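What follows are several structures.
Both complexes shown next keep chain A, but they swap its partner, so chain B is in the first and chain C is in the second.
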Partner chain A sequence: MSLSPALRPTTSIKVSAYLTLAIWCVFAAFPIFWISAMSLKAPIDAFSSNPFAVILGFETRRLGVGLSVIDLLWIGLALWGGWHVATRRLPRLVAGLAEVTGPVAAWALAVTGFAVAALLVAVVILPVLVLHADAWMGPLATPVMGVTGAHYRSVWVEFEFYRNFLNSLMITAGVVTVSLTVGTLAGFGLARCRARVAFWILIAALVFRALPHSVLVAGYLPAFINSSEILAPILGEAAPTLYGMPLPVIFVLVAINQPFTIWLLRSYFANIPPELDEAARVDGCTYFQAFRLVIVPVMWPGVITAGLFSFLLGYNDYLVTSLLLDAQNQTMVPGIASFFNRETTSTDQVRAVAAAVSITAPLFLLVMVFQKQIVSGLTAGAVKG
Partner chain B sequence: MRLRTFFWFVGPSVALMLIFIAAPLVSVFVQSFYVTSPVLETVERETCAPGFLGEVCTTQTVTRPLLDADGRVVTETEFVGLQAYRSVLELDRTRAALADWDLQALLQIDFWKALRFTLVFTFVTLPIMLAVGLGLALAVNTVTERVKGPAIFLTLLPFIITPVIGALSIRWLFIGDGILTALIEWWLQRDVALFAQAWTIEILMMFYRIWHVAPFAFVVFYAALQTVNRDTLESALIDGANRWQRLRYVIIPHLAPLIVFLSLIHLMDSYRVFEEIVGFSAESHVISLQWITYDYLTPDDAGNRSISRASASAMLTMIGIVILLIWPLRRTWADYSRRET
Partner chain C sequence: MENFNLTIADREFLVLLGSSGCGKTTTMRMIAGLEEITGGEILIDGKRINDLDPKDRDVAMVFQSYALYPNLDVYENIRFPLKVRKIDPAATCPSRGNTEPSCTAPTRSSA
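Take a look at the complex of A and B:
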């Protein structure tokens, strides 16, 4: 798109735009970059007030593995490769796969594949390169930066953080699946219904969106704790105690997220011309058939955005999961509280940092893969609502 | 679409919202008037200890929870009216503080302290979030395509990060002699402890929140900037509008509905400020309304949860958000009705 010369930004505006953006990017990425650096260092370096100690890890280098210039090059290459695959290769791969398996399965496969590959590179291939490639590199191989993976090992193996990870995975997968199934149907119905009641449902949803989650949890807690007595007349002996179980939490999180999901999807479906499904109905389809045959194939961009927001809600939740799940079914985010509340020694603190970085890593991969969808989905959806 | 078909489509979603949002609301409302407590019994217990020349026996009355045949604690629920509200609001202390016109004393009381922080937090972060979001959107809109991709990627990071983790990462930068505290100390040439008093913690929390939500405003504004009508911009140019006037009279009116949308979402989200307090472990200095309810719901040392007081504070929190939302909701309603008719 060419702008008329007078509308083109002047040099001074361009310079200030680049400057603003540069400052913001440092500002946005710095805390995340910094905790990643801290998590790889011995406690004395991690909490040093000298920034070079945190980055280069003087004490850590004395104790454990040192990264040489060449190792840093390897890591840089791996990061660049990940970025390239996520932004260039993966979308094309998904487009190809989607013709065989359908878009959601294609994205799920691609993301899982990407995550597994990233994990393999980070945990297996890079350490091997770092440990063994130095031998034949000569002077370039003098270590300049100390790192240690000890805190990650103790968090994941010794403190069994993988259990929390699996719980998070289960809760999040459940939330996304149920939320999208229920939400797409409702969003489509709301977009095509011109009755007054549709409007009232949307307004009610907006009010529900505003409720603080602790208000709702105050309602669930007594009911969930006593559910076996409350449900006994209906279910008899089999009545379960809902407190501590993952399934009810999934439904709670889905319900909390429904208002946002149906507003987003309603706006998205409203932008799909109604002539499309009307044509199908003229040909003798019912509304459900029209939905399945005509709308489902074109709805994926909106659904993927809604899915991302459901994912974030389920994955990031602290309040609901910490109150409604027992210790054994606990997810990662409340799980980390046990690390930073202990904090008796500085080793515990670095463990908490390592756990925090472990929670952030999947989100990092997710933005890498889905950044286009987040931006374009919001363009088409929520912003017009 | 016929109403019957419509209900088949929205049925599952509406059912979920009714069961898991509307029903708990009703039950919270009812619970706030009742107190469930264990039934206590008083028994006389005689304890004897061997002593010189025979046993020494003392009799004391002990209060203990009554157990039923299965060994579980028997509880009873009684209607207490507004007692839970009174204890959450600490009405006696509130009245005393108001009688003396003593704002300091009023803000010592948990509920009012939390309300003050929640409102200040919400209304301070709102304009800054909008300004930062708009500034970023305008900046990204100006730079070349090659820079846009990485810039958007980095910008989205604070938005998707888990709130508790985000707050923790900011805390680790500042706590003790954390790297940024060291920087401030070097700059001011004096000792600072950012986690030792309420106001610095509040500033850090607002700082964190803006870092976390500005990217969302950015994405929404950036998307909308792509649809600004170029003809209007060019005619404004021909009419002699300078850059600032074009921003003020063409671009901002185009973004106006989104500013309302973002403000609405922000009001809802920052009114329930909570994760910052967990991440900063700030509960001894700063608390929010949602944190009060959470605290009542967490089992205390004896394993009891004060459900009744939690419900009362939940109802009070809810009344607050309803008052805040009346104006934006009426506006959304008016917009929607106008569009539909």
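Take a look at the complex of A and C:
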């Protein structure tokens, strides 16, 4: 698409735009790049005042394994391959699977499969290549960069970070499921309802959205601690003490997030012409079938966006999870905080950094798999018929 | 809408004309069941259908815009009413044995 000369940006505008973007990218990417580099180094290098020591790891190279040019190529190839599979192959695979299992199950299967494959490549295949493929490569195989995976191993194996990971997974899955179910139904209802009540419900939602999270936590805390007494009349002896369990955390996080999800989804639904669900109802659908068979498929990008926001909230939350969960149900974010708080040796600090990098890895995977949906969800405005 | 009486005979072809906002669309929506009526009666074949859902009234309606489901292709668009009513297209129309779709997305074929 070529613009008319009058609308074409001048060279100076182009240059300054790209420059701004480049500078912003550097600022945005720097922290993640830096902690990734730190987490792979021995403490001496990780906290060195010389930035080259942090990146290239002189001391680490002396102590253990280093990466050669060939190894870096392998890693680059693995990253490129992962990106290629996630963006090109996976969507086609999902389209095929969806015919059999339905779209949700197909995506869930695809994400799980991709995650397992990525883990396998990163933890098993790459290290083998790095350790054993060097021997016959000659001068290219001399290590140029010191790297050690010891901190990751101690975080995930010794300190059982995988428990935190599984807890995070469970809580996030719960939050996303509940808030999407309630959000799509409520959003659709409120978008189609012409009564005044709908307006006041939305205003109330906005008010609750504005409440600080600490208010919700503090308000629920006594109820959760005493829940066995409160629930005794209904559940009898089996009434549980909810404090410390994942369920109430899901409950509170949904309470925090739901108003936003409803608003977001309502505005998406409002953009879909009512003719569409009316046509479906004349064609023989019940109200709910019209919603499920016609509106939700059209809404897919919006649902993905709302799901993404709920996911990020559940995944990144510190306040609620740290206050309401006991040690064995701890999620990743409070887990990382406790790593930083130990701070007895510099090794502990590098471990904390490694844990902090570990928490971003699943996000990268998800973004790789869902990038098309996320972009279309963020940019989709109206539906054209 | 107030004080409106209309009888349509079987196989009659009727055209509603009027200035904008006078209630042509509302009338049709009330017949289809998309608009609640506060008084009076609507009868089809002598049967009162006031309280029936649109799907049970056996009416068809073409909307001013958005007559197509954008997520379905042409074949699925046409088959949709049969599908939700769980009718097998081949069984309904045996002379058209070949119900294989020629699939194009509606946005492309109707633009």
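Quick note on the criterion: the second predicted complex is superposed on the first by the 372 of 385 C-alpha atoms of A that agree within 3 Å, B and C clash if a C-alpha of one lies under 4 Å from a C-alpha of the other, contacts with A are read in each partner's own complex, and residues count from 1 in each chain.
Operating definition for what follows: a contact is a pair of C-beta atoms (placed from the backbone, for glycine too) under 8 Å apart; a residue touches a chain by one contact, two chains touch by 3 or more.
Just so it is clear, the model here is predicted, and its values are computed rather than measured.
Contacts of A:V197 after superposition on the shared chain: chain B is touched, whereas chain C is not. Shared-chain residue A:L363: touches chain B; no touch with chain C. Shared-chain residue A:A280: touches chain C; no touch with chain B.
Once the two complexes are laid over each other on the shared chain, residue contacts for A:H213 go to chain B alone; chain C is not touched. By the touch criterion defined above, A:V298 reaches chain C but does not reach chain B. Of the two partner chains placed around the shared chain by superposition, neither chain B nor chain C is touched by A:G76.
Of the two partner chains placed by superposition, only chain B is touched by A:Y18; chain C is not.
Between chain B and chain C, B touches the greater number of residues of chain A. Residue overlap on chain A between its contacts with chain B in one complex and with chain C in the other: 286-287, 383, 385.
Looking at the complex, you find that chain C touches chain A at residues 29, 32-34, 53-55, 59-61, 63-71, 80-81, 84-85, 107. The touching residues of chain A, when paired with chain B in their complex, are 3-4, 6-7, 9, 13-14, 16-18, 20-21, 24-25, 27-29, 31-32, 34-35, 38, 47, 49-51, 54, 87, 181-183, 185-186, 188-190, 192-195, 197-199, 201-223, 251-252, 254-256, 258-259, 262, 286-288, 291, 312, 315-316, 318-319, 323, 333, 336-337, 340-341, 352-353, 356, 359-360, 363-364, 366-368, 371, 374-376, 378-379, 382-383, 385.
Touching chain A in their complex are the following residues of chain B: 1, 3, 5-6, 8-10, 12-14, 16-17, 19-28, 31, 36, 135-136, 138-140, 142-143, 147, 149-158, 160-166, 168-170, 172-173, 176-179, 181-182, 211, 215, 219-220, 222-224, 226, 230, 233-234, 237, 243, 258, 261, 267-268, 271-272, 274-275, 278, 281, 289-290, 293-294, 296-298, 305, 307, 310-311, 314-315, 317-318, 321-322, 325, 329, 332-333, 336-337, 340.
Taken together, the chain A residues at the contact with chain C in this complex read 273, 275-276, 278-287, 289, 293-294, 297-298, 383-385.
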